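Working notes, beginning with the structure itself.
Letters A, B, C and D mark the chains in the order given here, with residues in each chain numbered from 1 onward.
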Amino acid sequence: MRTVSLASLNAADKSAFVSELGDIYEHAPWVAEAVAGQRPFATLAAVHDAMTAAVRAAPGEQRLTFIKGHPDLAGKAARAGAMTADSVAEQASAGLDRLSEQEFAEFHRLNDGYKAKFGIPFIVCVRRHTKDSILRSFAQRLANDAAAEEKAALEEIFRITALRLDQRVEAADKLKVHGRISTHVLDTCNGFPARGVKIELWELSANGDRRMIAGTQTNRDGRTDQPLIGGRPVPIGCYELRFHVGEHFARVGVPLADPPFLGVVPVQFWVSEPEAHYHVPLLATPWSYATYRGS
Amino acid sequence: MRTVSLASLNAADKSAFVSELGDIYEHAPWVAEAVAGQRPFATLAAVHDAMTAAVRAAPGEQRLTFIKGHPDLAGKAARAGAMTADSVAEQASAGLDRLSEQEFAEFHRLNDGYKAKFGIPFIVCVRRHTKDSILRSFAQRLANDAAAEEKAALEEIFRITALRLDQRVEAADKLKVHGRISTHVLDTCNGFPARGVKIELWELSANGDRRMIAGTQTNRDGRTDQPLIGGRPVPIGCYELRFHVGEHFARVGVPLADPPFLGVVPVQFWVSEPEAHYHVPLLATPWSYATYRGS
Amino acid sequence: MRTVSLASLNAADKSAFVSELGDIYEHAPWVAEAVAGQRPFATLAAVHDAMTAAVRAAPGEQRLTFIKGHPDLAGKAARAGAMTADSVAEQASAGLDRLSEQEFAEFHRLNDGYKAKFGIPFIVCVRRHTKDSILRSFAQRLANDAAAEEKAALEEIFRITALRLDQRVEAADKLKVHGRISTHVLDTCNGFPARGVKIELWELSANGDRRMIAGTQTNRDGRTDQPLIGGRPVPIGCYELRFHVGEHFARVGVPLADPPFLGVVPVQFWVSEPEAHYHVPLLATPWSYATYRGS
Amino acid sequence: MRTVSLASLNAADKSAFVSELGDIYEHAPWVAEAVAGQRPFATLAAVHDAMTAAVRAAPGEQRLTFIKGHPDLAGKAARAGAMTADSVAEQASAGLDRLSEQEFAEFHRLNDGYKAKFGIPFIVCVRRHTKDSILRSFAQRLANDAAAEEKAALEEIFRITALRLDQRVEAADKLKVHGRISTHVLDTCNGFPARGVKIELWELSANGDRRMIAGTQTNRDGRTDQPLIGGRPVPIGCYELRFHVGEHFARVGVPLADPPFLGVVPVQFWVSEPEAHYHVPLLATPWSYATYRGS
């Protein structure tokens, strides 16, 4: 993806600035235009704050038109190729581009119900979600009133645009849009970090589907060189870490049962805050283990 | 199943005694005949010891014929209805009566290879096994020599007959043929046993199949009224306990994330000793848990 | 101590009954007299309930005189030998018979303050207390009003008399007057109970004093043959269990640092409910341990 | 303490160099003289290696004289003021300057026995030791033969001189002479780091003495701003961390017993490797805790 520096955005003429950031807000270059005169921006956070303020300050009619300009989730716009490139990539991140016919129908039913009630499309920052959590969110938000939903729609839009800015613009500061899943493994039988332990991270769906997201192994500190998820929001949903500790204990020569009591240790947990750090370590012996949300 | 008391066996005339215990050893009423004169037996263990001694004392030829009289695992005898009722029930316990065509072929291939090498059928006490562990055992035992396998076959037979005696005869003593899987759940956030926690026990196969064996919930002591497996050998294999702790913490009113960090906690472990007690407790908070093989 | 059976109490003539139970209530044989006619009692609990009811039903003047008949804690009655034998033994249990001059003065100051405010002696069931918790209780109760303190005094008296009945009378039922401290030790490195681990229980005072109450070692189940405290209330206070796990791991041949990371593991906890069961296990490896209030 | 940079040592004339580093080796400026010509040194490790090589390369007689030039531990030299300033400070670090008369006599007895057997003073790098571990080391080394002890004496001298170089010379590299004790505290009831928890570190002696070494409290990450011991060797010995978790749980509003089950949690452990990092965290709820040697 092409990126641009905050410095060059500050130095550009107005039309170049609008050309660079015009599509951050879906089909709404007027937001970039509205803030161009406030340059120079000291930080990326200042750019984001100015743009959200411009949307809030716009006449109600214009804001509503803007909200209505967003594509349906997993909708016809997607199939017809009428979404911005960003929207296409975002909807793919939650698997909305590969729904079964039944799921596609379910999303349409919910979209139609939502539009019938509120007159706007259902907007959600899909990079923060899994298919399951979008469906859950749909159900919760359908119970709201119109004012609450206009507010909710704007909050989701600002999350979407914060992520777009974060990807597009290089600056000294970072927007708080990234979460992390990390782990480490301690061999508490031997009092040292467990090295070379294979670890997988899976995303679990309510319908029983499982999708492996990351596979790695621990380094000499019992940690992984990279977080299992990092540099992006962690989609709200259910995850399973799988720790291959049986192989580790066989390797370090601890006496074991045959087959060993523990082979692969699964740890299932739910992520509720996409921008948070989920550090989920494992303290293991051949006969016991403990895990916790750490820091 | 019809049972008989040790006292009445001791009091019966010889032919009645042989009639009662003649089929404990597969197609070999001569074993019961050989020990009838040693009555009265003080304990059931004494009956079992006398019968195993009679087999060991028999001429080599007779012992071999006896071993050869055992049915193939999952073999044609099973399909042709030529096994004793006990054998039928035993093979069903490990799922050998519902093999896929591919698995059936695999067992035949192994049986034939085993017979070709040793001249006897492959005998294993299937009540102590899962399909996976039988296949593993096949592979290990095919590497033995003939003397080791005659010894192994007899040991398996004595395990089979001990289980049959245990089911058939009521006595003051018990043969050591039963294992156990049990658990308890402590809410370490509140310092009390977790009551009403749903628990399931699943048996996991190497091919990804899962079969639920038991479903229950904890009582006021955080234990289950009955062990999850008890009163029988625990088949060698991989198990998963599933603890529904998320519901518990919601019920007792602890503040939780939405969705809660922990919903269902899976604990996977392997059983290697069918006659042992596997006590696998869970100490849990909404954000952490520990498990171990206890006592 | 001489005991008497409930059956013989039920069968005795009135004067023998009063002679047996006349001193359960301090200097108040009239309580036994009042309930003699209600015999036979089906349970020991019924005896206790009848006697407490008799006290509650007595005229206020008589009840007050009765309350005033109790000795001061650690007071002149103690030194002058004017207490009942039960009171002497009870006060000794909390160490009130071996106070330093300074502590003796402190108790006198509090007693005098209490009597000046409420006109009755400070009454507490000392078998449920340590010196520290009595002082804490003094401070809390001095803040009450007179009605609350008459109520509190009676409740303490009924705890005292329940304990006396429990010791004096043999019956099929037991009064709920006993608590327990127990433990067990698991070697989670090896997956078995840790046998032969030396364990001490100490009572800790706020002034830094330490007193060893019990010393034992674990049996083959990793438990102690007897609870560390049992068959009596567990005095409210601070305790330390000391587990000699370093010696255990040296014995079972696990590789250790020199000196080993863990030698003696101290676990300090407070007892707040004297009639409760405090099960405080230890799960240990040479490099880690966990403890919790279990069940 | 005055320090000097490696660069200026490399640039100095020989006599200035020897003047700066002449007392690194006790009463032996010839060691500095022997390496002056090897300058420039790229790293501090290279200085140390050159100096140890010079000692090893010296004639046996000279090396022995050098070894004999070291002061007795806690000896008359100490009391007579005839040690180098470094030796004085080092012996003070292990408390050898404040021995009781009895301990002083014990050290003398051991020193004399050692000298009588080996003809050299007992040399040990006291900054890596407590009084207890020095006595333990004495006992172990008295069992050696003379060759082993000359080797042991040199190794201890090189540890001493590495520490002196580390304190005296500023360089880009660090010698591996420092260990660390650190901790962090997680509130696993709430799933977040425990902030503001008071922590003390005590050094425990075999004779029952206790000395508080550090007192601090956890920051918002549940860690301490500084390690409890850092920037120096961690003396071999027994330590106790004391975590005031009861106050924490009262502060965050978790329901507690009265008094709370856990007040102060003591964790006792032994340090065997003075240059290692001992990370000893606490995972706690109001009713349970776990600790381990982490990383």
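Quick notes
We take it that a residue touches a chain if its C-beta (ideal position, glycine included) is under 8 Å from a C-beta of that chain, and two chains touch if they have at least 3 such contacts.
Just so it is clear, the model here is predicted, and its values are computed rather than measured.
Repeated interface: A-C and one of B-C, B-D or A-D share more than half of their contact pairs by residue number, and that pair is B-D. Between the chain pairs B-D and A-B, more C-beta pairs are in contact across A-B.
Computed centre separation for the pair chain A/chain B is 47 angstrom, with centres defined by C-alpha atoms. One simple way to say how far apart two chains are is to compare their mean CA positions; for chain B and chain D this gives 58 Å. Annotation for chain B: residues 188, 191, 257, 261, 283, 287-288, 290, 292-293 touch two or more other chains.
Interchain contacts join each chain to each other chain, per the touch definition above. Within the complex formed with chain B, the chain D residues making contact are 188-191, 254-255, 257, 261, 283, 285-288, 290.
Touching chain C in their complex are the following residues of chain D: 236, 238, 257-266, 268-270, 272-273, 287-293.
Residues 184, 186, 188, 191-193, 221-222, 283, 290, 292-295 of chain D touch chain A in their complex.
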